[in-house]
Amino acid sequence: MFKKTLMAMAMGGTLAAGAQAGEIEVMHWWTSGGEARAISVLKEMVEDEGHTWIDFAVAGGGGENAYTVLRSRAVSGNPPAAAQIKGLEIQEWGDLGFLANLDDVADANNWDAQLPTVVADFMKHDGEYVATPVNVHRVNWMWANPAVFESAGVEIPTTMDELWEAADALKAAGVTPIAHGGQAWQDATTFESIVLAVGGADFFEDVFVEHDQDALQSDTMIESLEQFKRVSNYIDQGAPGRDWNVATGMVIRGEAAMQFMGDWAKGEFTAAGLEPGSDYICAPFPGTEDAFTFNIDSLAMFKQPNASSTEAQMAMAGLVLSDEFQQTFNLNKGSIPVRTDMDMSAFDSCAVEAMDTFKSTAANGGLVPSMAHGMSTTSSVQGAIYDTVTEFFNSRSMTAEQAATQMARAIRAAQ
Amino acid sequence: MSVTSKKGLDYWLPKLVLSPTVAIAIIFIYGFIIWTSVISLTDSTILPRYDFVGFEQYVKLFQNPRWLSSLWNLVVFGTLFIGVCMVVGLVLAILLDQQIRAEGALRTVYLYPMALSFIVTGTVWKWLLNPTVGIERFIHNLGWESFQFDWIVNPDMAIYTVVIAGVWQSSGFVMAIFLAGLRGIDTSIIKAAQLDGASLFSVYSRIIIPSMRPVFFSAFIMLAHLAIKSFDLIVALTGGGPGNATDVPAIFMYQFSFQRGRLGIGAASAVIMLMTILAILIPYLYSELRKPKDA
Amino acid sequence: MRDTSKRYQPVTGRAILYGVLMIVAAYYLLPLILMILTSVRSMEDIRMGQLIAWPESFSLEAWRQAWSEVQIGARSETGLKPYFINSIKIVIPAVAISTILGALNGYVLSFFKFRGSDFFFAALLLGCFVPFQAILLPQSQLLGWLNLGGTIPGLVLTHVAYGVSFTTLFFRNYYVNLPHELVKAAKLDGAGFWTIFFRIILPISTPILVVTVIWQFTQIWNDFLFGVVFSDPSSQPVTVGLNNMVNSTTGETRYNVDMAGAIIAALPTIIVYVVAGKYFVRGLTAGSVKG
């Protein structure tokens, strides 16, 4: 009720007196390098409209600290105007009644037509837009150093079988086949790509979205876990605890042949002055070329007590989906625009390929939400999967069957 | 007249001065502990919610294998951390107490890690301990190819590397406490013992160390508080890994409360932690309370 | 013969002693040295070479970047400087208030005991042990009610509330070992509560004052958890700024700038320990740990 009144006031204000300058506090964890440049673009655009941007950056492992701060602010009755939250977390905040309705902006800008349904569904709570998507990351990428593959005399793998053959040859040639960072989220990133390769997109959804208990303990799952465990034979000893960008550095220097990581890894290659296609290769994770694991960053809008902030919120929501912002932001961040109707000529070959796959999988199936990046399930279930995956990957004694049983049980307990 | 009012003021003034702290203790310490206990009995998810479910969260907590291993890790870490810090601190203090010429400089060097948080030093520690970039590689480059120091990547050994970094940070502080203790001892007793022909070793083991019991106790309490609260250290060094090998209750509590939307379980784990702390603290408090009024 | 052996043995002994002390010193210094070395290397050098290596190049550029130029999030002021200033604004009042409170509490609990005062002291000590992660939400709620959420006074209040247990412990254990005749005589002479405190107690409190100030300064300056949870963009302390700069999820990393930033963030506490370290041990010696 209150919200509706505010909206009416805000809209009324717009009609009567034109834009009203307001403050907008934006909480996010895009704090450094390309991400900081990317979000600064939005800030400039919002300020060009006459609003004041209050930058509330809180970094830390995929938003861990930011989530803590957000809860604290919500408890104290003063949530920020916009916060970088994603996936099902948006639904949880929506259920608690914190989020503002963006339908007027969405209707005015025709979001329903611009956004693929899969993306739009994540942004809606009870059928109303409450968040705005910023970009789409493809997670199931493999980053390879072609010179290393060439000197070992192997091709870049396109199936799981080829992957293991190539890995054996690379290992024999004395390089580390797979650059890996042994942190829970990186283990999970690799694991979900393997599940996608082994079981396909439908199985992926059964497991990570539906949490089907039979699928979780099926032979396909055990097979996926076994294949995942094989990765540990091809990583170097220093992998545990390594940050992802240190692993990327190994590929850049040719100490390792490939890394399984989302498209943000491109930022490291670009910073080192390398060109995609020649200096490094971006290829889909072996066996997943017809699938697309997506990780969508989004800004959810929280209800604000004053009309001018609401005004600024709505202005920003509109800007996020503009051509200009989508292009500059995603060029800086390595991801692709959320709108499928964009001109991709300014983007590099990796992004163009990602966009093609994004469109084709959205139409024909194969577009799946990333579990490792919090798109497919609640943070509670995601955490339970993380715990099992990382324990299994590092354990000497746990079998794939045990891991499957334990994961199924942990997911049930976390639901 | 004036006498009685003055007595009244004398009577009330100390209590008045103490009152802000009493308020702090009631609200910030005990009030919040009670709040946490209440939340631990609810099914709160991402934010507090007051739907009571009895002890269900405690049952779930103790069914979670990660919680059990984090408790065990804390026992291993805490014991070693406290023990090694005590030994290193005491040895350094005794060595520094031998009329060392550069004592001031050395003392500062031993003490400075206490000034740094692991937010600052975590990254370099990670490098140093990592076998492919750090100490192991360095020694290999010096020519000792078979040298192995890969504890941080080994699930069975990783907890010990956390101890190494923890000792690095805190042992200097323990050294300072012990050094102060040593300096506080009446030198005439030591001289008398030495005149009687006691060796340096027996002077320390028979006279000096036994007389420092309260110092050991203070050091123990400080270290126990650091061990139980240890969070930054482990987050920066291993993030709880490899696997769950270095997970501790403080990390568990933080993750479940704030990242995984399981505030109820998080609160239950906090209550268990507080009970553990009380089990250590109550004997200390007891000894504080029954100490003679005027020493 | 006996003479020479007696003369040489201590000399070898002392050589070993100094040797051990130096090796231990190297172990303590290693991380700091490594941070300094990395901070003067170029990013090219680090990316193409090893993470741990002698610098091929020398430049203080990273330091300048970290202090005033690096873009953290989308803030308009760049670099760690604004965060650093916030930390100073938080740490000075928080240390001052918690130390004064601790001194007064210690004074009361040692010389003006009343029924329940010992019990209160014991009960207060639990405050040293409360895991801070557990009190974040109720504290947010409270700060919200007081309208102090996200402000520097709110952070000061939080640090005082959770520091006063320590400061009281320090002062109380120091005062309890002072000769009580001092205060008794003054009371008989008719000196009041404040006169005794300012004329007799405070002048002999320097050692424990130093210990307490150093302890509180270090704790509050290095605090991250309170700093990140109870701040807003205008009041984030330097640990939060550093974390934002270093800890990026999908951005590329510049280790030289990160390391320079880390040293800058730690500089005040390092200076405090170097300058006041001597008084620290002296202060501890003077009685605080006898408790």
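Going by the order they are written in, the chains are A, B and C; count residues from 1 in each one.
The working rule: a contact is a pair of C-beta atoms (placed from the backbone, for glycine too) under 8 Å apart; a residue touches a chain by one contact, two chains touch by 3 or more.
Keep in mind that this is a model prediction, so the values were computed, not measured.
J.: What's the fewest number of moves from chain A to chain B, given that each move must go to a chain touching the current one?
T.: The fewest steps needed to get from chain A to chain B is 1.
J.: Taking each chain's centre as the mean of its Cα atoms, which chain lies farthest from chain C?
T.: If we average the C-alpha coordinates per chain, A ends up farthest from chain C.
J.: When A-C is set beside B-C, which has more C-beta pairs in contact?
T.: B-C
J.: If you average the CA atoms of chain A and of chain B, how many Å lie between those two points?
T.: 38
J.: What is the distance in Å between the mean C-alpha positions of chain A and chain C?
T.: The separation of the two C-alpha centroids amounts to 38 Å.
J.: If you average the Cα atoms of chain B and of chain C to get two centres, how far apart are those centres in Å?
T.: 15
J.: Could you list which residues of chain A touch at least two other chains?
T.: Residues 61, 68, 71, 75 of chain A touch two or more partner chains.
J.: Please set out, as single numbers or ranges, the residues of chain C touching at least two other chains.
T.: If we look for residues of chain C contacting two or more partner chains, we find 51, 136-137, 243, 246.
J.: For chain B, what residues touch not just one other chain but two or more?
T.: In chain B, 48, 133, 254, 258 touch at least two other chains.
J.: Could you please specify the touching residues of chain A with respect to chain B in the complex?
T.: 61, 64, 67-68, 71, 74-75, 89, 92-93, 96, 182-184, 236-242, 378-380, 382-383, 387, 390-391, 393-396, 406, 413-414
J.: Which stretch or stretches of chain C touch chain B in the complex?
T.: That would be residues 14, 17-18, 20-21, 24-25, 27-32, 34-35, 38, 50-52, 101, 104-105, 107-109, 112-114, 117-139, 142, 160-162, 164-165, 168, 176-177, 180, 192-193, 218, 222, 224-225, 239, 242-243, 246, 255, 258-259, 262-263, 265-266, 269-270, 272-274, 277-278, 280-291 of chain C.
J.: Which of the residues in chain B end up touching chain C in this complex?
T.: Per the stated touch rule, the residues are 10, 13-15, 17-18, 20-22, 24-25, 27-33, 35-36, 48, 92, 95-96, 98, 100, 104, 106-117, 119-121, 123-125, 127-128, 133-134, 137-138, 168, 172, 176-177, 179-181, 183-184, 214-215, 218-219, 221, 225, 228-229, 231-232, 250, 253-254, 257-258, 263, 267, 270, 273-274, 277-278, 281, 284-285, 288-289, 293-295.
J.: Across the complex, what residues on chain C touch chain A?
T.: Residue positions touching the partner: 47-48, 51, 70-76, 136-137, 140-141, 143-144, 149-150, 228-230, 232-234, 240, 243-254.
J.: So in the complex, the part of chain B that touches chain A is made up of which residues?
T.: Interface residues on the chain B side: 45-48, 60, 63-66, 126, 130-133, 150, 152-153, 155, 158, 237-245, 254-256, 258-262.
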